[in-house]
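What follows is chain A paired twice: with chain B in the first complex and chain C in the second.
Moving on, here comes the complex of A and B:
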């Protein structure tokens, strides 16, 4: 077990190192000069541009920049953002919580709704309610996120704020702030749920369908158990495994999955930060967000792997 | 059982939180709430280079001189009078007694001397505004009231020094300007507003500076709320979440036409759009670079292109009518310097065709012309993927030039890609655009030989690769000319030369489209007056002089929304809770079997 664990974590660390290196190389391929982009439309002299280049370190040869970047990254330093003149990790730390709050809430809700509808659909497969709910979920899954967000925003009229996470003039006590944030979170949350719950529904539905004709279910029924109990105690636990994997794989994407929703609703999270960094291009910030986002996926993969062993005795045995 | 109780408790807690009444503010303070769609890059005025950041700097810190709200002439800032020596190398500014920093300390000439010297001494402090102090020889405060600036050469922009003056008693303790964030609220400043709270990419709050030397603003608070898209900002205005919005598109502006409680402001803008023609890209040493079509070096071809474009039709169809026809780089909002070309090239496709025929550009079998050197007249046109304007105008240009016998391949690419191609000279035609300042020096300098890049593609910010000895000579003369009327002549002459040589066709000057809640604010000063903007002025008159509606106080718009939203949320939770309990009860019955 320990050896297995060490192997997984070791593998993850190697992947992370690869990601760190890739983070540098990937964004050097983006065309354009960040210094020119930053100063566009402002009175700047050639000396100022040169000074700015020297300060940002973009006047050095690429190999030297890469060495500097690696040495700093290993120490946990991802440099200073070009645009904000602040340490990258500090900016990411500031934006991480709004994203976790938004995507965490909507993922939990989407999982609950998706699984519940998936179980119901599979149990009564082919019924009208199954066809409607699956069709609806697929239709929403197919919709562009930003478009759905804008539609929701228009359709709800004055009920919810147009964007942001809170109003500037909300009193600073905890309850008022919490209510204000909850109020701002309704639309982005709804949008995210509407788009993603379909995948949980479909996976849950199909894996439950696979179990439907298993002999152990016949046995359970023969014992005289009610249909509901057969479903809850026997069928669902066995069908849950692929869904758990999916949930954890998706949790890794939680941090990055919100780019479009955050942009539409001006939610001050990591997704929006990444989007802004890309338009610069604000290279240190891009590298930092890339490593954090990819790191989250790697970490959640490891967790899913380990959890799978806990949940399924068959994996442990093999 | 456990799960059921947990569910019920959670539902109850959610209900309590959602239904808790929002405590009413202690007293009804009047707040001007502004939507911004560009982030604030830094609160440190030495580092901030984004327009939104610069505007925040202007609210907090006065400059040495200001621009008049009516006609943008230099007026009193921190200094109330000034004179220059006969050789124009020494400028003396007088900082009057009685002006105070927001912490009560007096503002003196020493603060200004400290600020300029910091920028001359510390390269990092010159990041944002270094161009203004680049020719300074020395800056000294001979006493608390007198500031003396010596320049290495005469500089015409001495009354347009856009440098926020910071308090020496705060900033002399800053050891590393590059690291200093300037977010210790309240931030000590000299402007009409004092920054009291900053949440990066969420909002910024200011309170009115009641001791401001021009007089206190007529309301209590000013907030900037950040919206990533202008659609969201316009929606927020409609819902009453914000009071003032700018940077709207024509469709958004039209959608607000008959909205009750909203007044629109169609202002003359400071931006122009242009179609740059690669008339021979080269480095500042004259080494040709890039792969522009050689026929574009021929001024006849460039003029023919200019004549074949129907600028009025582009403004009507693409700008929705919200723009003015282009001539030179300086827009009509800076009336004195705006070019009315003589002679002009009017829209005349027939004449353009005839000119090309005469110059030996014969049409081939497929209607596409061939240059006298035998090159087919096929051009690439680059546009920004981020701007709908480029795509729509691109189609327009394509059709107009097709009638001229020139084939155009419109390529809409990312901004970064476009910047790289235009810096490297690997284009034939490219869309570009600039914002301009009251002083024309910078925008004119973009087309001088010296602004072309060096061999590495660095070192300058040329827009067109234009390099014309006559233009450069005029540029040098206007820079040293201190007589306003004579300088104006030179500036117009330069633009006429630019217009005749056509390194770029100035297509039009976008109107600045703004709107505000007139049910909350009765009026805003515009600059220039009339026809000017409220936001993004040369100054902060629009915010400073905003007049609230007399009976401001019943602020129901967003509260109604909040109440309804909370009730809606509560309903969802309630229904969910009831459903959960019902379900649990059902299951319990089964469990008993």
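Moving on, here comes the complex of A and C:
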């Protein structure tokens, strides 16, 4: 177990190093001269360009730049944002919690709704409710997240705030602040749930369908167990296992959802920060959000793998 | 190749088609795709492209649907119906081109990893797993920000971020095929890598790749609309994503201009749904385990 854990964490650390290196390749090597990209469309003199180059350290050879970059990244220093003129990591730290709040709430709700509907659909396969919920899930899966968000915002009118996280004039006590944030969170949360739950529904449904003909279910029925007990105690726990892995594997989907939903609703999280960085383009900031978002998904995958071992005795034994 | 082999292939194709046609969902998807493709091809012949030019508009901005403009006008006074119609072309072309790139990379990596084994396989699979975990939209955003704006960039950004799933699938299928005795026979008779891959592995893997392609197109079209929505598309061309970007930037929601928001998004949904339905039907035909399950 310890060896396995060490192997997984080691693998994740290598992946993380890859991400950091990819960040260098993407934002320092491919753009050619980042200074030209930064000042695109603005009048600048040759002296200003040289000064900027020296300040960013891009006048040194690439290998030396990479060494400097790696050393800084290990210290948690991702440079300074062009637009905000503040350290990138500080900006990311400020925007982290709104994103965790939004994605956490909507993922939990989406998992609960998706699994419940998926189980129901598979158990009564081919029934009208199964056909409707599967069809709806497919349709929702086909929808671009941001479009659904805009439609919801259009349809609800003035019922919910159209953007931001809180009104500036809300009293500062905890309860009114919490109510205000919750009020602002309704639409972004609904949008994210609507797009993500479909994935969980389809996965859970097909995973339970795979189990439907298993012999142990016939045995359970032959013992005289009631139908819902067969489902709850025997079929669902086994079907849940592959679903757990897939829930975590689809976290990349949650991250992309967060970027577009936060852009539509001006939710002040990492997704909106990414959008602000790409419109700049604010390359150090985009590099920072790239490394943090990719790193978060890698870390969650390690968690998924460990969770899987805890949940499935067969994997533990081998 | 002998005539008998071709006869057998034609018979197999006919049987596949019969089974595909017996599924209502797949047929609906196929008809939908045909209609959309014909509309996209006909756009320059049936409509007047000068209506896309902001400097030559005659209507007022934000006009609701009426007899002269069936779907109203946008913030510049251009007809939304015309814009959505032309947007089909870019969305389809980008979606298909990105899919070709993605499936090509995925197939080459998958077959190479399974066929050569050893350290080649170890390195390629480590690489694939790394890209599989990486959130693809984040990588695609990074790529299209640092490269010059244009259709090529979008195709590249989507193509190089969406291949890992294909690679894994192709690798699994190649391993299954290469374990069979006829491959050993081909090798014993002196068949080289090129012969084994070209004559035996590829024909066995291609049906699966084809199914996977139809499903990849769907996600590539969503990816295109997402990148264009974020303002990373080709600024000189109209696509469904760029229309929604314009709608968001110019406050279509606060203008209550539903006629500008609904059509481009509905376009994405229809195309994606059509490709998904076709893909699922094909999957059922080619994967006997799924028969009667869906």
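Just so we're on the same page, the second predicted complex is superposed on the first by the 272 of 318 C-alpha atoms of A that agree within 3 Å, B and C clash if a C-alpha of one lies under 4 Å from a C-alpha of the other, contacts with A are read in each partner's own complex, and residues count from 1 in each chain.
One rule holds in what follows: a residue touches a chain if its C-beta (ideal position, glycine included) is under 8 Å from a C-beta of that chain, and two chains touch if they have at least 3 such contacts.
Just so it is clear, the structure is predicted and the values come from calculations on it, not from any experiment.
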* Using the superposition described at the top, determine whether chain B or chain C touches more residues of chain A. => B
* Scan A:264 for contacts with chain B and chain C and give back first, second, both or neither. => both
* Which partner does A:8 reach: the first (chain B), the second (chain C), both, or neither? -> neither
* Asked: Is A:274 contacted by the first partner chain B, the second partner chain C, both or neither?
  -> second
* Asked: So, does A:142 touch the first partner chain B, the second partner chain C, both, or neither?
  -> second
* To do: Mind working out whether A:290 is in touch with chain B, chain C, both or neither, as first, second, both or neither?
  => second
* What is the contact status of A:209 with respect to chain B (first) and chain C (second): first, second, both, or neither? -> second
* So, A:60: does it touch chain B (first), chain C (second), both, or neither? -> neither
* First (chain B), second (chain C), both or neither: which does A:151 touch? -> second
* To do: Would you check which partner chain A:182 touches, where first means chain B only, second means chain C only, and both and neither mean what they say?
  => first
* Which parts of chain A are in contact with chain B and also with chain C? -> 30-31, 37, 150, 153, 162, 263-264, 275, 279, 281
* Mind listing the chain A positions that touch chain B in their complex? => 30-33, 36-53, 55, 83-86, 91, 94-95, 150, 153, 158-171, 173, 175-176, 178-180, 182-183, 186, 226, 228-229, 262-266, 268, 272-273, 275-276, 279, 281
* Which residues, counting only chain A, touch chain C once they are in their complex? -> 15, 18-19, 22, 26-27, 30-31, 37, 125, 138-139, 141-148, 150-151, 153-154, 162, 209, 249, 251-252, 255-256, 259-260, 263-264, 274-275, 278-279, 281, 283, 286-287, 289-290, 293-294, 297-298, 301
* To do: Give every residue of chain B touching chain A within the complex, in rising order.
  => 17-18, 20, 22-23, 25, 31, 33, 39, 41-42, 44, 47, 49-50, 123-124, 126-127, 130-131, 134, 178-179, 181, 197, 199-205, 221, 223, 225-229, 231-233, 235-236, 239-241, 386, 414-417, 419-421, 423, 434-435, 437, 441-442, 450, 457-461, 557-558, 560-562, 564-566, 568-569, 587, 590, 593
* Which of the residues in chain C come into contact with chain A in the complex? -> 130, 133-139, 141-143, 145-147, 218, 222, 225-226, 229-232, 241, 244, 247-248, 252-254, 256, 258, 261-262, 264-265, 268-269, 272-273, 276-277, 293
